[in-house]
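In order of appearance the chains are A, B, C and D, and numbering begins at 1 in each one.
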Amino acid sequence: MNKEVSPGFFGRLKTWGTMWRDIADKVSGADGLVSLNPDLPEEDARKIRAGLDDCLAARGGEVSARARAATLGRAYLSLNDQGRARFLEILARDYATDHDRVRETAGALLDIDGTDFAALQGAEEQMRDVLEPPRLRLLRQFNALPRGIKFLVDMRAELLELARHNPDLRGLERDLRGLLSGWFDIGFLELQRITWNSPAAFLEKIITYEAVHEIRSWDELKDRLDHDRRLYAFVHPNMPEEPLIFVQVALVNGLAGSIQEVLDSSTPSLDPEQADTAIFYSISNAQAGLAGISFGNFLIKQVVERLSHSFPKVNTFSTLSPIPGFRSWLDRRLTEGEAGLLTQQERKALTQATAADSDSETRSAISKGDFKALVGSSEWLRSEPLATALKPPLTRLCARYIVNERRPPRHEGRAGSVLDPVAHFHLTNGARVERLNWLGDRSSKGLSQSAGMMVNYLYKLNEIERNHEAYQGQGKVATSTAIRSLTRS
Amino acid sequence: MNKEVSPGFFGRLKTWGTMWRDIADKVSGADGLVSLNPDLPEEDARKIRAGLDDCLAARGGEVSARARAATLGRAYLSLNDQGRARFLEILARDYATDHDRVRETAGALLDIDGTDFAALQGAEEQMRDVLEPPRLRLLRQFNALPRGIKFLVDMRAELLELARHNPDLRGLERDLRGLLSGWFDIGFLELQRITWNSPAAFLEKIITYEAVHEIRSWDELKDRLDHDRRLYAFVHPNMPEEPLIFVQVALVNGLAGSIQEVLDSSTPSLDPEQADTAIFYSISNAQAGLAGISFGNFLIKQVVERLSHSFPKVNTFSTLSPIPGFRSWLDRRLTEGEAGLLTQQERKALTQATAADSDSETRSAISKGDFKALVGSSEWLRSEPLATALKPPLTRLCARYIVNERRPPRHEGRAGSVLDPVAHFHLTNGARVERLNWLGDRSSKGLSQSAGMMVNYLYKLNEIERNHEAYQGQGKVATSTAIRSLTRS
Amino acid sequence: MNKEVSPGFFGRLKTWGTMWRDIADKVSGADGLVSLNPDLPEEDARKIRAGLDDCLAARGGEVSARARAATLGRAYLSLNDQGRARFLEILARDYATDHDRVRETAGALLDIDGTDFAALQGAEEQMRDVLEPPRLRLLRQFNALPRGIKFLVDMRAELLELARHNPDLRGLERDLRGLLSGWFDIGFLELQRITWNSPAAFLEKIITYEAVHEIRSWDELKDRLDHDRRLYAFVHPNMPEEPLIFVQVALVNGLAGSIQEVLDSSTPSLDPEQADTAIFYSISNAQAGLAGISFGNFLIKQVVERLSHSFPKVNTFSTLSPIPGFRSWLDRRLTEGEAGLLTQQERKALTQATAADSDSETRSAISKGDFKALVGSSEWLRSEPLATALKPPLTRLCARYIVNERRPPRHEGRAGSVLDPVAHFHLTNGARVERLNWLGDRSSKGLSQSAGMMVNYLYKLNEIERNHEAYQGQGKVATSTAIRSLTRS
Amino acid sequence: MNKEVSPGFFGRLKTWGTMWRDIADKVSGADGLVSLNPDLPEEDARKIRAGLDDCLAARGGEVSARARAATLGRAYLSLNDQGRARFLEILARDYATDHDRVRETAGALLDIDGTDFAALQGAEEQMRDVLEPPRLRLLRQFNALPRGIKFLVDMRAELLELARHNPDLRGLERDLRGLLSGWFDIGFLELQRITWNSPAAFLEKIITYEAVHEIRSWDELKDRLDHDRRLYAFVHPNMPEEPLIFVQVALVNGLAGSIQEVLDSSTPSLDPEQADTAIFYSISNAQAGLAGISFGNFLIKQVVERLSHSFPKVNTFSTLSPIPGFRSWLDRRLTEGEAGLLTQQERKALTQATAADSDSETRSAISKGDFKALVGSSEWLRSEPLATALKPPLTRLCARYIVNERRPPRHEGRAGSVLDPVAHFHLTNGARVERLNWLGDRSSKGLSQSAGMMVNYLYKLNEIERNHEAYQGQGKVATSTAIRSLTRS
């Protein structure tokens, strides 16, 4: 759910470099780190190591350590991709947990009499200390700098990217994740309603970070902040200029099925006091560096609570969600030639529909029985009979995809989670699969991801706990009757 | 004037209990925890354990877990001292690290080939997981509640008290300290100037928490917030209604030596633009539950920076500090009868001063050579000749006490830290002992703690780093020439 | 309803003088106004006139005019009572409307043909210009200075005082009133709820300005801001640090009759959600300089609206009010010896009550029939039988005083307004006289003003308009049945 | 991007109508005003009159009067152009000053003995009352409504438009102007720096209201809020969502001469700390309804003060201004055939420049001596030699236009103000004409207004007062030596 936002560290050097310069200037001997070769060749890497050692030794006390961190941070920002990768490797390799001391401590621990709880506790305490890698203390220092927390979040975004190909960095990435997950504890987040009166700089970030349905202009954004819309974001008090995650809601009457209708600015806006349904039509994570630290579930629940309070007449809370993996799953099925994917009747209906069709490509696809090519071209969309013939098999297969297709189970004997990531997210939250919407998203993205279908996940307040338990425990997916009959057909 | 602010948990039940009730109400089956016997007898303890287990099992998802935490929090608040001690013991004992699994993991770790770094790292990662006690996850849940962080801070204050006599609670206390020390990372604190325009509720807390020179009325507080005074506090964004630590500064001309003069409201206030000296005359920690998480050094440095910026003419930053341990140290010396504590000349001067003295008690003390009794009574204060005769030996001994008297070293071969806690704090920060002030504090507290003396610790910006290093490393105390000559006399 | 608050202009010179100095410094030639003799003798008065002339001539443009106003303002603040009186006399006499030009213009106007509307309008326009005294432009200049509006408000407070003995100042006072009444238009006022989280500096002013029931300490203030209390103030956006008027409300069950009970801090505070009645127990004007510009009616109505919204269960809005003029009116009646003031039965009851009484003074008063002396001493309060005998005649007379006693009518043929100023205020607002409370105020002030009685004025939303009309039009006072029967007895 | 912001009254009915409905509902009998014919035919006009009468009679007290005002306001908003014109005519005609009473009072005034000051004052006071038209009280009522002040500002904008053709409305317009000019007194305005962090809704208004150099997109706006730019606005505390006037400043090195360079977003932005010059390149009034109430002078002076304080290195404050009237003045001169407008030498240079020119139109224009056609086509811009030949006569004539061309004097014997309105504004403020910039504005607007020239008006702090006096008094225009020599050539 995440886009390329950050202007890269180079852009930020201008801002942060300046902010941190004054702090960095307070410590002597840090001059060596000022004009490094951006590739960070070995002679410069040595300087970085010296700087890290000084910082760890806390020479000159806490305030000097902060100055050193500022110097190191500015050095990091001045490097290019290769240089930063090297910097991170140094941190990962040379400032890791000391394996020998860990083994020593493990040995000592095993020597203790298993009933001497006090001694065991002492040894465990020591083990905890020994396990903590020195780089953790270094990372913490950055948090004392202005906007240092955003620096660390962005550093993790880079680390995640690099660690995909470089396993040596994974330990460092995990350390950073542990740190950030403590600091971004859900208790610290502030739910903010974002409106057309919010700072333009913040709204600009919403435009950039929106990951589900692109916001193409300020006018479009204004429409999404109209009287019958709501946009809520989680914000961290120490990073107030950045959304962490945000959700967009339309207040409507009845379950909305088409995203184009929801986003159509020419629709007259509803008096929100009269709405009975809240449609969550987009939810986007804004910080790549916080991947794996989950806010979405809590955000949805908090917004449901807030809306229930403001609009007592709203009694239905539902998403209007994409089905990002349907088409690629279907294509795999078709390529692998799964038997009986289409019923006889469905095939027949398709062949009949082609008779009236003028398009040669379409005709040829069906004559060859190439269902994949037929669905893959968007040609069927302009032909009423063809679309009508495609609807039954596609909705049926889509319901099967959402509800029944699973990943391999993580633990033996347990059910695997559903394949579709958006479905998995909402099912884990306790929602149920409510309705499939044929042609719910006619955009080219919608057609290529899910043959134009969208789905509603319904959050029923008194079912959420039960649904969550059933899905987490036995892998059971809650569905409406309509969906259930689709999956059984 | 109201000094009774912090009404203890019972008082807070009213506020928090209400706040949390709505959250708690969202989970079913938590009713059992509503009306407990405040003593928490065994049958009720069982209910607590059941609640803790449910919360850990995260039954019903994250939001239910939060509701359960609210229920448990309310239960805790409804208990009396004994009940709360029991609650904490349950947490400490039944939700601790599993020693057997730790030993198993240690065994597995030792079985790994010492050169297989990837395997070692994996095992270490597992060890980290195993070492984390389940109660830590329970504690984190409270942070998601409104004002939950203050709840945890106060819980630690209680724990610290209880753990003094109950070693079983120390592990839990350390866990909580680890959690809080991450959340109260210096990078998250906000430096706030507190003025007469600050909320009365906040100022009331300043009155309550002031620990050095009592604030006896709102009028006195207003004096301390006058044009030529500054009061700065660190505040945490998630606990904005509470100071964490605060420092009081007087802007004056020349080094102030008498706290009574500094606090005298009849002194006309100075145009702060004309001041050349900033006197830090009081620094108080406000949260007992954050003991051991140090903010003082950073606070002083930040305030120095802020003041330098606002008042370019101020070139001297100094404290006016109490010497809390002097008299009790001196009394021990006198009781033990250290030889040569007073010089011949000093004794002679004292005897002569008594000739003119009318007070029989004083005369008898000196005739008996009972220096301890003489200093202990405050009688000498009203006699000019006696005070004059006492000044040389007392200042000399006080300088020795501050600079030379040490605790036993923690690590062999290293110098011990100085005995006086206030001196140790400022020396660690990099200050130097600048001047002793005879009769700097004529209050009864001042007389009984330090025979009425006060001391200035000077923060010289370009010396701080060096002083800190010398004290931390070799235990060397930085002093002015005057102090140096006193310690040598 | 107003107390002596302002620390006088001398106090403010320190603050404002400094603020305005930088502005004043921008204009040359203003030095002459810096060190005036505080008495403002004639040679200094000449300098003031020169400064006023320069300011009026707007020499150097608008910004220079502002600088000159700052200079004149500082000069004014540096004067003593006598000097300021002279300054104001200069403004009043030498910068007044030019009578001759008015007469000229009146002549020209009468020369115009009465049907030539355009010409008439032109002449009227000119008359408006001619009538505007030059001092008005001078006064407006002060508003452009920081806190200039408070300067003008306080200047009017002084003017009102001086104008009582000096009719020459009345025109100037009226000009200033006109100016302020435009600027303090009700549309500009902001209704603020004042709480224990409000700035201490603001709360200190509430303590000072409270005019009905003195607030004797910060503890008492805190009680008045408790959960079941509300304090609302009107504030002007350009004078945000000053309340203009404020009202104190207690949320209770049933009509409160005793102010001592309302203010008793030992009473457990009510859950305000459960209250059915809002008692307005104190309303105080805070700015002497805004006398005659009325905010009270609007404040009460706004607060009623706000409370109705926050507390849907509250259905009764009533005051608990003093009856400031009752005793002095009664004493006049008694002194003048109005026949039949007490009924036979009442006299008899009093005589009987004295039989049991031990106090000689009381006995003698009654034996002499000296009702005035009896009520005047507070001795009757300690005697149950005496108090019981006094209650019927005193309540009866008090009801008569509130409802029937009138000032002479302003316009012939119209009813005069009621004598009691508090009653007049609430009746004009549309309230009705609801209940008399025997011993509602046992304080010495309460006893001396109204023999310890208080009264409830009830604001019944659907009667307000009608009551207001009836009182304004025919002088009819709305009363409850109980009050009505008292006035008829 | 949305340029349609101010939706006119109809749009606002939606917002305000709703806001005011609740207030309006509080008064009975106002129902008649709810569904009027938008043309306001006579039978509906009668209802309006009845409503106005009720409001004036203040039947039911102040709060009812406010409800009636809300009803009347909603009625006004529901009318179309014609209906609103009729509404305003009713106010203007039927609620005007009573001419007969004015004449009566004038007569009475003349009967008074001219030395009886007290009597004269009394009569004048009465004249003031009589002169105040009843509609003024009605207008004031609207201010008590939420956003009522903006309602009145917009009503005046409509009035100004209508009064151009309907003299009967001028008195009402003047009344409203008087009211607004008191409420928008300079002392009440707040100077706000507008940044990219300001509310988008506010920034959208900046885009709409910018009157000098159009802002074509949000990106362009962001450029104008970059580090080396400043945008300041005056805002009224009771209309905080609306700018009243705003100015845009570029911080640069040296006097900027080309607006295209100033606005070019590709220019790297300067470190503002290093700038020595502040260029005021645009100043726009935002409220048509406040025409004639002047804020510009004060705004510039305040911004100069603010910038001087923030950027001590900036020592030059200058505008880069358009010369809106130059070309139309020149065309008049040319049409009238003023003798000697071009010198012999200038004509010769132009003829020579044409030799090399390829464009037939241009050649023909010059051969005919048609200077007007030559300048009017923008063809000369693409020819280097032609532009070179045009520069001397055009700059010379432009300097003459700015400095010497005048309007007829308002008062005999006095100098008239300069013809160019922008020049008049800055000269009145005390600036001097500093430099003419050839091709300073190459936009088509710039070419058609001023043949592409722009001018710098310099604000020299120590000259402002003197320049203002000289211009206001003797009509003397302050100029640089360069400009002076141009006007003399």
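Keep in mind that, in the parts below, a contact is a pair of C-beta atoms (placed from the backbone, for glycine too) under 8 Å apart; a residue touches a chain by one contact, two chains touch by 3 or more.
Source: prediction; values computed, not measured.
By the document's definition of touch, subunit C and subunit D have no common neighbour. Once the centre of each chain is set as its mean CA position, subunit A and subunit C turn out to be 62 Å apart. Chain centres here are Cα means. That of subunit A falls 42 Å from that of subunit B. Rounded to whole angstrom, the centroid-to-centroid distance between subunit B and subunit C, based on C-alpha atoms, equals 50 Å.
Averaged Cα coordinates give subunit B a centre that lies 61 Å from the centre of subunit D. Under the contact definition stated at the top, not a single residue of subunit B touches 2 or more other chains. Chain-to-chain contact here is organised cyclically: the chains close a single ring, every chain touching exactly two others. Every pair of chains meeting the contact definition is listed here: A-B, A-D, B-C, C-D. Looking at the complex, you find that subunit D touches subunit C at residues 27, 59-64, 97, 99-100, 102-103, 106-107, 109-110, 114, 117-118, 120-121, 124-125, 127-128, 131, 140, 142-145, 148-149, 167, 171, 174, 179, 182-183, 185-188, 237-238, 297-298, 301, 428-430, 464-465, 468-469, 472.
Against subunit D, in their complex, subunit A makes its touches with residues 196-204, 217-219, 222.
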